[in-house]
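Okay, handing you the structure first.
By written order: A, B and C. Residues from 1 in each chain.
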């Protein structure tokens, strides 16, 4: 490990090859490279790219789920989808989920990681393990346990009422105003541990000498964090946020066991919407469900690009 | 879309609609390769040499023992090379599992269709099932009077038969007798009107300890809520979600508004268990069993389920209350004829053996056995009288005899209707979803919401009819009109002619 | 000195409180697994059962086929992790160190599919696996979980291998070693921190996987993984909360034990991985 970290970074590709090799020639010389890539190309092609292409194709079909095949109907699914209030409702819910859950998970985990990274904090290993526990718990169990403890007569509400924080029990999962936020809370609880570990790993990359230097300069906790830790963590922030966002798009089993998307669609995220159209309808609509998936994919991608452009513009403006 | 076809959405979304197949048959044949597997046709099941395993999926938890300890064992006793392997799944999971299993050719030989919620006709059209009429002679069984075109028989071929009676609803109030006595009430006395019902629930809520609530009304399952709305509306005089006299979708009519107001009044009375909003009916049953609420409205299978999971709650004392009506002028709950419960899959390896196992369920002896499990009442209803069952179960079945009538079903009269149903997309929010939204406080204007549903559903029905016509089906909106339908009467096989 | 000591204890107490709240659901689960069903909601905040009902555990053990679920899960998880590590390391190695025809396309495909949730593709993947004749086999599940996706692991390896100096490899080549030998003898061992991180992340992903193993083992319940088996248990016994809690505790215990033992190494290798 030490060898590699101190090594100079080289980006240039292999030894100075004779220039102007033809494409064919290059491919033949590099045969072993393709051998190395073979498992990935075959596996990725079959299990990721092909299904993706297939679901794009399904999006243009009228395919009632009980039939073996569908019939081509062009953009009709997308036209219906565009006018479907419930699709946009689920899209909004997914965005709210992303916008609240991801920053919460990333931020809270960072805070805890900083505390747990300090040598002076007692029982660091124990706390780390306890916070990590929910990550290894399967979704079905989490769903059932939380439905019971968040229940109006459950322990959480008993504690809230007894401590006089609220007058009457909070309907965490059964009111349309609360359900989405309750699911967000449970999701952050379940996955915080893994983000915490990412942050701890990131923090360990900061050499201790930097902190010592800051101390000697008389920097307090806040200043130390603001001027030493934070700048060094920024690159990790991007990666960790990205990974957590992928997770936030896969909340299906948790939502299903906690609220089923209800009440009154208030916690229905796009994945649940797709599931409902593909499996839960009187006559399942596979083409329509695929169209919803494709449209959602396009919209998220557009948002991601807009965000990236925005960040770039902001950086330019700062510089 | 159950609204347009059956008088009310049925429990467990089981086989809600059905349809004839005049048009569907060519497609069926194309899909199944004729629907027959030559090597099995005509052979006696016992002829087959070597061990045969019949895989079997269903969702009838209270029947686990009856199936696994009795029916299958007895069959194995008679044909020792045949073993039935059963899996019991949750209704919703079953639907998903069946769809995925079909795509990957993993379907069991026999299955129920809970969770598929759609029309059996659509499944038949798409070649899901193997007709069983070729293997077993249902025409001479006690089932012969209960087989309908478009529900069990498609294009002359019998695919299934009813095991359970269709004459039921899931809005019987089940009473914790011990708590009723605590509140100085006679647990056997049903409050007849909505006002009396509300007053009685209030008494129960007040005269029991604070930890005990009056009524559990689980709101997580929208089908459950839709069932309550329709049943109460029918008690207020509605024919159902469709008005059979005019063929119009009637969910915004006065009786439905009254039913919604009744549900809201129960909520406003403050007698509901506070966790109601986040519970499904099965959770609610467990909470009722734990003594947290005095009353819980659900279907006839209630005691059967309790016997399996929470039997002390039955010993403690349980009673059934007849569904209340707005006034002493009682309405009628209309239901579709009993649908088929089990089907032999088109992917079955030994359809003949599978059909033969199913056939064992057609006897009076089986019906008597079934009655003792106190699930949905058996199709041969007489067996309940003779069976050794809980008095509350018997009482509830007699309520059904008074309150429930068989309504008309469009696809029985005209097979083309099924084709239109297969084109129909669900309309949201559905009546059940509207009830949920209203009770959990996200919608105030339920009149507008119900009207909007009625308009959208009418439009969607028109669109589906046109789409089906384009594909050659003969169907029109008149197929939903039944001029000779008489309120309060059974719409019999003869009425269709 | 006293100031720092008191702040140290303040932080410790704060963390302890937080963790107590955090693991409350687990305490609830353990306590629930020793109660009777009515007792579970009857007793409110009281975590101590009146009299421990050990029978819940024997019921859970016999109803859920734990030993086989556990074995399936371990086999499938290890198979998936091995597959992902092998193919990501190989691909990451050439992506990180060499230029070749089609590299840009490959990276482009990785980026486009980065966000793809599995639920969208379950139907085509099932059909594919069926055509390969691998439904209802451990191999089918392993391929379904590990053959596609996981672009992040490949990119992690690529990033690491890019930083390794040329000399090592070149001297080996001089000695006549082929690319495979160089890779397995020199490069892969060097990438140990990445391998450990990928191992642990994939382990967690495969351990928690639900939809795909569910679909792929529909007609052979004996091939179910723990996540699927637990969910089936919940579905079939949905009001037997005590039995469910006991089953949950049984399914959690081994993973928790593994993590407690391995967590220090986990954090350190992850730190080693990101340091590159």
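The rule is short, and it goes like this: contacts are C-beta pairs under 8 Å (C-beta built on N, C-alpha and C of every residue); 3 or more make two chains touch, one makes a residue touch a chain.
Composition by chain, UniProt nomenclature: B = Extracellular solute-binding protein; C = Carbohydrate ABC transporter permease.
Model, not experiment: these values are computed from the prediction.
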Query raised in the report: Relative to chain A, which chain has the most distant C-alpha mean position?
Result: B
Query raised in the report: For this structure, which two chains have more C-beta pairs in contact than any other pair?
Result: A-C
Report summary line: Note: chain C sits from chain A at a C-alpha centroid distance in Å of 15
Report summary line: chain B to chain C, mean C-alpha position gap in Å, rounds to 41
Query raised in the report: Can you list the chain C residues in contact with two or more other chains?
Result: 41, 123, 241
Query raised in the report: In chain B, what residues contact two or more other chains?
Result: 283, 292
Report task. Note the residues in chain A that touch 2 or more other chains, in rising order. Result -> 151, 153-154
Report summary line: Per the touch rule, the chain C residues reaching chain A in their complex are 4, 8-9, 11-12, 15-16, 18-19, 22-26, 28-29, 40-41, 44-45, 83, 86-88, 90-91, 93-94, 97-101, 106, 109, 113-121, 123-125, 128, 143-144, 146-149, 152, 154, 160, 162-166, 170, 178-180, 183, 190, 192-193, 204, 207-208, 210-211, 226-227, 230-231, 234, 241, 244-245, 248, 251-252, 255-256, 259-260, 263-264, 266-268, 270-276
Requested in this report: Show which residues of chain C lie in contact with chain B when the two form their complex.
Outcome: 37-38, 41-42, 122-123, 126-127, 129-130, 135-136, 215, 218-219, 221, 232, 235-236, 238-241
Report summary line: In the complex, the residues of chain B that touch chain A are 1-2, 16, 31, 92, 95-96, 99, 116-119, 122-123, 125-128, 219-220, 222, 273-279, 283, 292, 421-422, 424-426, 428-429, 433, 436-437, 440-443
Query raised in the report: Where on chain A does chain C make contact in their complex?
Result: 1, 3-5, 7-11, 13-15, 23, 26-27, 30, 32-34, 36-37, 39-44, 46-52, 54-55, 58, 112, 115-116, 118, 120-123, 125-142, 144-146, 148-149, 151, 153-155, 158-159, 162, 189, 194, 197-198, 200-202, 204-205, 236, 242-243, 245-246, 249-250, 252-253, 271, 274-275, 278, 286, 290, 293, 297, 300-301, 304
Query raised in the report: What does chain A use to touch chain B in their complex?
Result: 64-68, 86, 147, 150-154, 168-169, 171-177, 259-260, 262-266, 279-285, 288
